[in-house]
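One structure is given here, and the rest of the page talks about it.
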């Protein structure tokens, strides 16, 4: 990502040559450097792509068996739709020439991209950005799981990947007003996670809670996910993918930053895993696996903004705090505001995304409060997060509002009880018996 | 002693449990079954080919109770499980010759 | 892959130095370029390796629980046997010195490889080719699932990886007659997928349909797979692996082609996912997850031949068409010719592999019909596909014919009803209860 | 890994420049070489990280459903705890300046690392080592599965990653006495696998067998794992990760060794898969999937020591032997010494780790018995393995002994019967039904 | 009213369903069970150790029918489920004292 | 003929099987059920929210035997399945009007 001008300048200083000079004839040190950066960026992007498998597993594992086909379809279609929407529309808004600090204006369907220079071949840069874009939308699917109409969700995805995410992305990484202010969101605690999480907040509250989540008496009920192994595989795949998400956001393999970013990412995830496990153990008497898995993600989300700006020790502290904060956030949404979020997406991505962004103001080696940098950076970080979250909320409100009016967001109660797999897709996720000449299908 | 064998919609189990508790009956055995009756299932399509799903998921609740408790329970159960749509289920009543509580070896009504 | 002479020449022009010059002393730009190419090729090969996990999941998910151990064993053994067969025999036939345009003659067990130059260390090249080879055989296992004898399948795998695939591979990538004609099959829509798919066609028809698939009355019955989540994880792993399969087939990380190939691969997969979902929605009233997952693979198979030759827009169109074509193909084989293919391998790999190869004749930026290149390229593409498919069909016919005569291809009806897991491996895939001092095994 | 001085010297000769010279200004051939090495090492480390997903799946799949949450938590926490313990303590012991050939003395929490030079940025080197460290501890969790207290296991992990593994690692790779002797353990057949496996041996025997494993009459009972697909996915992920584990241990992408190591790793795994399948087929009448999957791992463990020192043919032979040896070892521990190892970790990692280490003495192209090198190397290999295993056994004995005295290692019989998921974590791995307003939880 | 409890091989369920439909009986409840009898299961080997699998998968079909329908049904079921190999299964007949159709509250024969 | 319907703890199944074999009874049908009685389940916490698990896993064993075999079996079963803790389970006894062995068509006692 272009991140901000400074990073961009740095990259350009390193590269010093137009990316077109890609080993046309004999390899040179310069062409090799471009090749290294390209290879690195692509491989990182492949890992980010695999995060979609991670999201799919997490969301399927943490919801009920009767809605598994539906949640898988949502995640799977998000990749496909997100990429195509970003190709035709999103990329241009995000990385086209800046208009008033707010939006980009070219590069739609990769047309008119001559003169765009990202230090690596345009297609490599585009590829990385495209797989990134879809992760933002997919966050929403988890929070709205088990009761949202499939068609409504798909349309929402089109808008997020075409408009919401690209505009905020432009502000932060595309040369827009936040990047000019020096806002630091290295790999997207705000741009991806908080935007996804706050969109999810709006979506989950507009679609309403699942039947049975809140008893008429106000009692809060738990609705356990159907497969912890699926959820755990998902978290491990996400963590793996995060090593593409964060270190890959350098768009450069020739900077030693890739190593220190990998280290902060690993440490923050580990620290958050430990703190959420211990905290759930103390608070609920037993170490809770579902909160521990969420805790890991919380730490990863939180370090994403500052992964290149903080020290390893800073990463550990941010991780430790995020793991605990997430548990409070889950309780808060579940029991106080009563917004039903089956997988904890709002807390993990929205709250910890914001938290991580603001923590950069404290922990940035360069300019953070704890390093004697005063409060300027902290202010900018807070502003950047607040503005992005607000915009995401407004956009989600408008998009879901229109969809609700036009087609409704919520499936019928009967469909919800029977499961969205039957209702929306006419098939179940698991088939237990099937034997004999005349095929037997038992609905057990 | 009689056994009530109650076939209900899965989503009604919780209400049956509450009702039964409120009537002072403590023991029951629950299993997942599939059933068909007037409710004839549905058609699904898998990779372009139709499948008839004619067995739908139901819950079977078995409860052995004293003779005197039967009518009251039936009434209560019908009340909480009835939706009026086909597929609501049935209650079947059987005679039980004897019961043994394994823990104590007690038999007859006192084993329940 | 060597692909064809032109690519080979291009690579050699870039490298310009024997691969032995691999940073013996101080690194030079030339030695670094070789290192970059090597690193890229190996990592791509690792991703291709992971496709075997993808195939395993897809085929297990889309078949019945009682045959899960068997299908996993088939996929797993295919890797092992494929690699060893390719080591001792296949590689030599594929990349040894050309004999009459038809077959290679050396490099068996990596002996006599002095003088072979692939621009990167021989072992890196070999490794990439070896993991590729096994993917071809594994396609067959899906189409013949749930009724084929384990031993017969294993023997077939030995032959495919030693003979069928290497010979066709030689024609296309090893300097054989098709590569001399200028046939374009960049990463193997034909060499891997169509060869696998058409072998599968022969295998599935020779082994006969599963009991219960076709009622005596001629009615076609559906036999749903036992786990959609497993199938979906498999498709996502395959897509991930495809980013090694296609961009890695450059055998070079110093060419900007790796980026554009990644882009066409991503776009074609996405477009096909969307078109198959929409088309199944229209045709069957609900968006069908199993066809959508297959649709994604169909798009990926179709773009594999032309991934480096077409534009992003071309990739989208090829993907859109492949997604729809695959659904018609599945219906055709299922209901018209009545060849029982539990996972849709023939349609996805065979039909869409051929389709993608031929589409290069239309969409190749350089020489395609739609780019004013006339029909020459189209003719060569069609010929190349037809010849390869025909050879695969003949070979499969011979190998399966001999195996059928010698040992039989099909398990007994009783074994099929009970499941191949018990029959062939004496164990079930899932065990539900197991408790108590005296171990309890309930067969539920 | 530094491996031994010779490798270190070689790397330094190649690099010839302090790693700080990382493209500060314009890229040079030297800075590009460092970048290539860094990119390679990081990506390899990411793959090693993913092995934790592999271990999780294997161990969960091969144990009972009622203990699935527990085994997942153990594996997952091992990553987090292992990384943090290695950060604060382990790395310093392993790679700090050598003290008497036995232990390192600095680098704790990455403090005092100026002057340490590993040819690539310190953080990249550290990252690779940290994800490695956790794999050693995770081996133990499998062997002690289904009856060990969660808290006791976690504490053990802290010690292994802080002390046992780093000290042995120092001997072998950190400049300690074994590395001075010329002991070859390229990627850790001994340092990681045998250490893990022999610690597991002690742990499994101290915690005792699972209830029901051995009848009072002495009969040995089988307790099948609950999900073969999970186990198989795990093995494929592990194999994939091994391509980071072995070739990545070069810490260099500019050496052609990465290719030949990938080849030996692939061939040994394949050969062992085949030999264990065939041997189980002969011995037990049917090809056993669980032994075949273990066989693959056995071959990979065995080649890990010599992956860079043996020929492809040597790798095949080592793999073939390991696949068979493992089956005998499993029977030996199961039926003769009666140590209950649910996943076969002792045989796979302990026995085949030792076997592979010693085989280097026979098969090393340079100095092996079969290459006319006499018995010196063989002696050193045997000594190195024996010393490391002995130290691991002693450490495990002490640590588990203290833990047993302080808190007990084994859960109550009642908890074991009901399953550790309920007992330790208060939740089950799979939830089948959940429907209705008043949430229904059926314990089926 | 009688209850037929029919234990069959899993692969015979579809045929039983068809037969029963053709006889004008509409309601039934199906569950997955495991059974042993003369059919003694099989030996398996897991990692070199023998396991006796002595419970084999069966399907249990429960059908409450009018007294008059019993004999005809039994005859039909035996015909479609018999293979002559051990493991074919059993039919047990019980007396049912009463039945209630939850949807309507009807009782007795008219509840079926 | 009588049917014994035996609800036990899952871990006791193996012992029941052995006992029953030793008594010369060969046929039985086993299913997984959930039950509650005096044993009231437990509380779990999922993501900070309490869940009442009040149905615990049990095994149901059904055995149709000759009238004369009943008492002896009951005694044996109680002996092997009793732990004295609540949750041990129950045995219920029903009358069976007839039995048919599908394989042979035999009826009555000789069908068992």
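By written order: A, B, C, D, E and F. Residues from 1 in each chain.
One rule holds for everything that comes next: a residue touches a chain if its C-beta (ideal position, glycine included) is under 8 Å from a C-beta of that chain, and two chains touch if they have at least 3 such contacts.
Every value quoted in this text rests on a predicted model; they were computed, and no experiment measured them.
Chain pairs E-F and D-F differ in how many C-beta pairs are in contact, and the one with more is E-F. Note on chain C versus chain D: their Cα superposition corresponds to a rotation of 120 degrees, in steps of 5. Think of it this way: of D-F, D-E or C-E, only one pair shares over half of the A-F contact pairs by residue number, and it is D-E. Taken over every residue number at the interface, the positions common to chain B and chain F amount to under half, indicating a different-residue contact.
Centre to centre, using the average C-alpha position, chain C and chain F are separated by 52 Å.
Each chain gets a centre from the mean of its Cα atoms; for chain B and chain E, those two points are 18 Å apart. Distance between chain centres (mean CA atoms), chain A to chain C: 32 Å. Touching of two or more other chains is recorded for residues 29, 32, 36, 39, 43, 221-222, 224, 227, 233, 284-286, 288, 290, 417, 426-427, 432, 435-439, 441-442, 444 of chain C.
Multi-chain contact residues of chain E (touching two or more other chains) are listed as 11, 30-34, 45-46, 51, 55, 94-95. Listed in rising order, the residues of chain C touching chain D in the complex are 19, 22-23, 25-29, 31-32, 35-36, 38-39, 42-43, 45-46, 49-50, 52-53, 56-57, 60, 68-69, 72-73, 76-77, 79-81, 83-84, 87, 109-110, 120-124, 126-127, 130-131, 150, 227, 230, 233, 424-432, 434-439, 441.
Contact residues on chain F toward chain B in their complex (touch as defined above): 2, 7-8, 31-38, 54-55, 58, 60, 74, 77-78, 81-95. By the touch criterion stated above, chain D contacts chain E in their complex at residues 220-222, 224, 280, 283-286, 288, 290-291, 327, 330-331, 334-335, 344.
Contacts from chain E toward chain C in the complex involve residues 11, 32-34, 42, 44-46, 51, 53, 55-57. Interface residues of chain C facing chain A in the complex, by the touch rule stated above, are 13-16, 29-30, 32-33, 36, 39-40, 43, 47, 64-66, 211-212, 215, 221-229, 232-233, 235-237, 239-240, 243-244, 247, 253-256, 258-260, 262-263, 266-267, 269-271, 273-274, 277, 284-290, 292-293, 296, 312-313, 316, 417.
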